[in-house]
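Chain IDs A, B and C follow the sequence of writing; residue 1 opens each chain.
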Amino acid sequence: MATHGDGTHKEDLKIVLKDIGQVYHLKKSADGSREFQALKDINLQVRAGEFVALVGPSGCGKSTLLDILAGLTRPSSGAVYIDGKEITGPALDRGIVLQGYALFPWRTVRRNVEFGLEIKKVPKSERRGISDHFIRLVGLEGFEEHYPHELSGGMKQRVAIARALAYDPEVLLMDEPFAAVDAQTRETLQDELLRIWDETKKTIIFVTHSIDEAVFLADRVAIFSSNPGTFREIVEVDLPRPRHNSDIRSSAEFGWVRHRIWELLQSRPSQECREGGNIVVKDAISPSATI
Amino acid sequence: MSVTGESLRRFLLRWSGVAVFLAAWEVAPRLDWIDPYFVPPFSTVLREAGVMFRDGTLGMHLVVSLWRAVAGLLTAILIGMPVGFLLGRRLVGVEQALRPILTVLSQVNPFSLLPVFLLFFGIGETAKVAVVSWVSLWPVMSFTITATRNVDPAQIRTALSMGISRLDLYCKVVLPAALPTIFTGMRVGAGLTFLILVAAEMLGSSAGLGYLVHNSAMNYLIPRIYAGATFIVVLGFLLNRLLLHVERRLSGVWEAGAFVTGPAGPAGAARLPGPAVSVAALGAVLIFIVFGGLEVSRINREAASYPSEALKHFGHIGQPVDR
Amino acid sequence: MGGTNKESGHPAWRHLNKLSIVLFLVIWELAPRAGGLLETFIAPPSLVLKTLVEFYKSGELAGHTAVSFFRAGAGFVVAALISIPMGFLLGGGYRPFERVVNPVLGFLGQVNPFSLFPLFIIFFGIGEVSKVAMIFWVSFWPILFSTMTGMKGADPTLVRSARSMGAGVFTLFFKVILPASSPAIFSGLKMGAGTAFFMLIAAEMIGASRGLGWLVWNSQINFQMPRLFAATVLISLLGLSINGLFGVLERKLTGWHRKSLDGVR
């Protein structure tokens, strides 16, 4: 059943988001105010090897949060700590996979995967072995010398994943990576992702629109509301693992969790209010908090 | 089988019009439908072209014109691309501030600047190369600015998330992504180059294809005019096709499925030119520049030693020379 | 990346934008005073302005401008009158015929006009006709090709709806196809006008005894820099105005086109 749990031990906290806020200064906006608060009071603690999904409507700041986690943007307030150290910018300890693959079309699959290794200044002799490993991991053996435009959407996404994993980041940040593929491929990729996660044991933060996807993949689901973007609630997904290659999507428990999250995303105030370092409950009804 | 049959049919159809045109060109003057003095039959023109080819005239003028075009284009690229990169991404504000001036400057009629260049740089090669550079600088720079700005932000975001250095970002991400569009700019520049080069050669030169045509006109060597003109056309056409081909090959690798390969299979057909080919091409261009340049200055020196010839081209066609 | 937009990030610079032209003029004015090469080769705006005023007063300005405009105008108008109907015929027609004729047209349209100029002079003599012919040739092609494109690009569903309402050939042409292709035709006209003026200057430099192009060339030969700059500035201004004029016309007459595109987007 879905409960909001705590159960985090200080020692194995991989990622800590503390009081993150993001404010944009605009020239003018609808109601004449000069500021737009994209994120407010974001607090989250993620264990090592955990899979956390962020679900919420468009434009509520999920991508902004991911940018902050990646170090591409500095938050207006608060800080992000990875392994206890505050991050100051982008680095090779985090990998990002974006919607739309963002593959470099002028590079072959192999050279795309090796991109991070080049930046890491891994010598050429080693690169091949590493890229071979990850290309095999994502199931694209035999396509090393192909160009992105010769691949299907699902294959391209796998290259993107391989590229993000190749330089061995501890954390994987994924921004709606499967949104651009068709439904069948999407389910296949979800299975693949869980298999890869099993093998590599990375800490994953996964942003998505789809409640189904979040429940299927994650250990915990953080539910976003917008205006300003903040965590309405964080729900633990207590479904058994391994979930890939199984029929769990049609089970009753799955449906229950799914419904719970769906409810939370509607414009209904949360009935409960819990204390705890990693839960924030938003009472205000946000009219745009629908999917 | 049917594929080749189809493309053969299309090929024939395309060139049949040209064939008819050429046939008319041959027949009409012979039958006196058109005054053969003004329009010599195609075969005569061809013969004249053959003569010019054999005695080296054609080759000489061709090399001169081509050298000027290449040198000018190269200068435009060497200046326009780096500046375009800077203005495109790094100094966006500066570009916005300078935009009105750049727009105005790029639209000033280059022909009206030609005399300024001639005065400034003198009658030598520098003036012509400078004019060509000016004319191609604007499209190259403008396309570079646009191209560097429109790189897929997702790709940039991905690269940045890896903590890439700024230099690497430009070299490994922005440059390759922008290359097809920059190439289009080069192609536009090349087209303009050709146009203005011929005009510049007519106005103040003692060698080159434009000079050839102009000079033939003034000496009423009519078949030669046609030969020269046809040659300019063919050259321009070939150059454009060459650049188009390279551009398509580059874009073909960039864009998903946008590559039109023709009968050859789709997958695996689009390949970037390997480093070996690129280096070879670059080397060929450099060699051409160096040796061509030497050749051109030799030609100029020789031409200058025929004073009457040199003076003649400053006059206008049909005008007394001292005007 | 994140929320930063590269375009909007520099408000301060954007205001500089308007100042930049002023700055340019100031530099232009002051540079020659530094002496040396700059003084010899560059005429400052103040001098250019003075020269232009003198020109105007002496009537020279009007004379040369009129000549240039006449040549460009005549060539352009004749080109439009012939190429637009031809474009309709060629664009609306029979596919195999098109496939045969188009390559020839494409080829001819790419011929470097300067290489033909001496031919025109030999045909038509040194007088006005050769220049007008040159302008005709140069503006003919863009208008022709745009008209053909416009013809072909006329939305077939529009044609089909009109026909289903029983529209005859003439009605169809004048009330459906012509308006539908007018944006393309206009764009071709704009390009043709710009090219016409552009080439005219060159043509006048190479073989003429009057006109703005000749003025530039003549000033160069006689090393009269103020005159040269004055003529150049005038040519640029005229070129810009022609472009602007056509732009305004285009917007007024075919504004619906752009707006409907926005709707589709």
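The rule is simple: a residue touches a chain if its C-beta (ideal position, glycine included) is under 8 Å from a C-beta of that chain, and two chains touch if they have at least 3 such contacts.
Predicted model only: the values in this text are computed from it and were never measured.
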Central chain of the complex, centres being mean CA coordinates: B
Most distant chain from subunit A by Cα centroid: C
Euclidean distance of C-alpha centroids - subunit A vs subunit C, Å: 54
Inter-centroid spacing, subunit C versus subunit B (mean Cα positions, whole Å): 21
Per-residue multi-chain contacts in subunit B, two or more chains: 157, 160
Sites on subunit A at which at least two other chains make contact: 67, 72
Where subunit C touches two or more other chains, by residue: 1
Complex interface listing, subunit A residues touching subunit B: 67, 70-72, 89-92, 94-96, 98-107, 115-116, 118-119, 146-150, 160, 163, 167, 173
Interface residues, subunit B side, partner subunit C - complex: 10, 13-18, 20-21, 38, 89, 92-94, 96-101, 104, 107-109, 111-116, 118-120, 149, 153, 156-157, 160, 194-195, 198-199, 202-203, 209-210, 213-214, 216-218, 220, 222, 225-226, 228-229, 232-233, 236-237, 240, 314, 316-319, 323
Parts of subunit C lying in touch with subunit B, wherever the complex brings them together: 1, 6-7, 9-10, 12-14, 16-21, 24, 41, 96, 99-104, 107, 110-119, 121-123, 125-126, 197-198, 201-202, 205-209, 213, 216-217, 219-221, 223, 228, 231-232, 235-236, 239-240
In the complex, subunit B residues that touch subunit A: 152, 154-155, 157-165, 168, 172-173, 176-177, 179, 253-259, 266-268, 270, 272
